[in-house]
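Got some structures for you, see below.
Note that chain A is present in both complexes that follow, paired respectively with chain B and with chain C.
Showing the complex of A and B:
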């Protein structure tokens, strides 16, 4: 099977002002090569500022890379625009950290899921599709949740509403940037389980971004460890977590919290 | 000898709303021992910050301490004159509120924020530079931060600054509300290690509050789990970890992902967080509890002793545990 998405020497520099006169450059991504296959969850792991969100934003075309290439199903899409960009944007959807900010407080949960179906001119029965999506993300029974507003459900449920909303567009790729870090422990597992379920049932590829190696070990098949914009280690999650080579990966593992450990 | 650093007795704290008063911390009793790290855990909205503020008597309107006693050095903090209270703050006990690192004065260099703190206690800053240097050293900050504005420091450095301020006048007790929440994993881990070292070295009593159960178990000597403003389980860290008596503690521990540990579809909490209903006659955890039975909805469970120093608030213990 071929890659859904692949990057080749992806590099991103930001210019920042320093003092009154100087401009300095930050290399947020440095020759990054990653790939994602259908039916897998790939983790992008690293400490704060390592470049994780920058990578995600480039893949969804919120940022432009400084150099390097992006391939979507073997096609070079680095420079696409107009209609083809619009088409690609539908195929790759992003879930953010804050489930509060990503929903509109003045609209019902049903509206949030219906809206993308309308705008994408869904050809089937819209009500059936809404039910199907709500069942998929376990907002069940759908009738119970449809007319509620975002503030009337828990953070975990809000995150699931948002996931249903992006799944309505039938994407082939999902990027989840710290999707559970703002949720209480009791709600995290459900959202993580949901990512695995989506992968298994829809066969899509998921990029899971986090600094938390505990959740990475739970949901991902492979990982890339980012440090100062560079991939310092990559491979199967189990292999890396049990026998890391890079010092930075080791530090991340050592710092991962565990109630059975002692500080 | 009295081994208690601070004692909370029958504390009730709540918030005034338009036409009523809603009680958040309910009839709360707890005794913290000298020289321990006491961890308080609970999910968002369970009342952790309300409790922390009450202990420091810094609850602000619409919040209000309704009743209770907080005994610190043989005096009831809640009955102290404002002036006496000011004297013991920072010198005898200090408080790092949630998100304090974002509450540093943005237009004042760190140096002057330390000076302000000293002046507030009638101490001349000029003579105290050594004191400031030594607390900076304790939290492993370079003296150069004194000439920085808060925005010039990273989150971790700002948090270390706030910790240094809380330690400036050698308090015996420090209350830390979510001191590492929002920090990067690597930074968080370093700060936790430093806090523990400082605590052990100087014998400070720490009350450590967080929603993050994993780090709480890593750092604490004893732990209280709070649900809906009440202690539902309390005990020494090891006992709480190995012999949970309350479903809440048991389930949360089972639901924390850990490297290299396969999760076999663990039993989960039901319902939504913060679904507290003050007027519900039964167990406050009833809506969330997968082990509940009809009896749980009828009577409010008391805190019972399981073994030495280990308490739980559940009608069906040990029955519920036989099924898991």
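Showing the complex of A and C:
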């Protein structure tokens, strides 16, 4: 089975100005090699500032990488732009961290799901497709939610609306950038459930970015541990969580919350 | 078969909804505007001034330009607001001068806001360098002293003895009045473009035009309306100022020229209050109504405030 997406020595440097002429460079990503297969969830774990979100934004081309290569189905897409970039973006979509910010407050939920269908020139009946998508993400009955505005539904429901919005494009890859970190703890399981259900039903690959090791063990098949922009450890989730090699991974596992632990 | 008829029903339902959507946006924003007591007063005040000016287009008791009466008569039954120092009827002048004043105020507001929106959104949406160039351009217009430009152009147009009506006045006021709004729109657009819901639309594959028309314009609509009111105020004030200085065409009848002639005749020294007060009060009322209307916009700009009220009403029902 071929990788859906693969990065080769991906590096990203941010430039900051110091003084009048000096430019200092900060390495956000350092020779990152990751891969994603269809029908799997890959976790990218790391603390804040480890470059997780930078990686996500490079993969959807909101940032440009400094060096390194990105392959989509064995095709070098590092330098695509214009029409081919638009085509590629239909295949790879991103779920944002904050569902309160990722939905336009002035438009109804139906609008959010309808727009991607219109931009991708969906050939079938649009209303039927909207209903289908809303049922898929368990926003039922669709009629009840369609004309509501984002501020009228809960955080978990907003994230479902957003997932329906990106699924409308039929992507092959979903990048979920901390999709549950802003949600109420009791709602997290539902959204994660939904993600793995989508993976199983549609066979798409999901990159799940988080700093929360508890949720990682629930949904991911493999994980990459990022530390200061470098991949310090990667492998199957169970293997890494039970027998970590790297010191940083050990510290992360140590820090993961355990309801019976007291400080 | 059933499904098909169902589908048809759905489609027509959606179409009618869309029509309702546009009218309901206007109706709901008007409703929120009227819910606020201050803006309600402002709205009624503005409406009555506009009605006053519309009457003035079609009917004035006497010809406002003709010298028909005795000089400087205080208010009486023949001349409701007395007569000017030249023998014109003040009330007729006030009525006839309303429409040009309002026309100039609102056309300056409309044109100024239009330019501000176009330049501001374009600057906020382009590359960094273009943005910097446009910003510098806006800044230049921002520091141009309006008064000086008005006097310069005004005397020029007077000097060439060309009667272009109010056109030069409008052009000067728009040139000196658009830049402030453009800066506002530029900075608002810059902040909105970086938000997640716009990034999301870019990823979804929306075109730039669609994002601007459907999302950015919608988000800054209250600011556009508020900017329109402020620029209109600037227009009314600017007109009065130009005419008061006498650098416009003083033969035209509007509230600014009324003041010019009153000051020219030294009405404040002869005690002809009925000549100075009416135009001053009307201009102040116009400003006041526009300011009050802006208060209501605060509520419109923040949709969550509106939601709170809606929810409350639902509970009552």
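Convention: the second predicted complex is superposed on the first by the 260 of 263 C-alpha atoms of A that agree within 3 Å, B and C clash if a C-alpha of one lies under 4 Å from a C-alpha of the other, contacts with A are read in each partner's own complex, and residues count from 1 in each chain.
To be clear about the criterion, a residue touches a chain if its C-beta (ideal position, glycine included) is under 8 Å from a C-beta of that chain, and two chains touch if they have at least 3 such contacts.
Computed from a predicted model, the values in this text were never measured in an experiment.
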Chain B and chain C placed together on chain A: clash or fit? fit
Open item on the list: Let me test your reading of the model: by the given contact rule, A:153 touches which partner, first (chain B), second (chain C), both or neither?
Closed with: first
Q) In the superposed arrangement, which partner chain does A:215 touch: chain B (first), chain C (second), both, or neither? A) first
With chain A at the vertex, the Cα centres of chain B and chain C span an angle in degrees (to nearest 10) of 80
One more residue to check, A:26. First (chain B), second (chain C), both or neither? neither
Using the superposition on chain A described above, determine whether A:232 touches chain B (first), chain C (second), both, or neither. neither
Message: In the overlaid three-chain picture, which partner chain does A:47 touch, first (chain B) or second (chain C), both, or neither?
response: first
- request: Look at A:256 in the shared chain and tell me whether it touches chain B only, chain C only, both, or neither; answer first, second, both or neither.
  value: first
- [ ] Identify the partner contact of A:189: answer first if only chain B is touched, second if only chain C is, both if each is, neither if none is.
- [x] first
For chain B relative to chain C post-fit, closest CA-CA distance rounded to the angstrom comes to 9
Given the complex, residues on chain B that touch chain A span 43-44, 155, 184-189, 192-193, 196, 211-219, 241, 251-253, 255-261, 263, 266, 268-269, 272-273, 288
Within the complex, chain C is touched by chain A residues 60, 62, 86, 89-90, 93-94, 96, 98, 101-107, 115-116, 119-120, 125, 127-128, 149, 151-152, 162, 165-166, 169
Listed in rising order, chain C residues that touch chain A in their complex are 7, 10-11, 14, 195-197, 199-207, 210, 214-215, 218-219, 303-304, 307
Chain B partner, complex, touching residues on chain A are 47-49, 153-155, 157, 184-190, 192, 211-215, 217-218, 241-242, 251-263
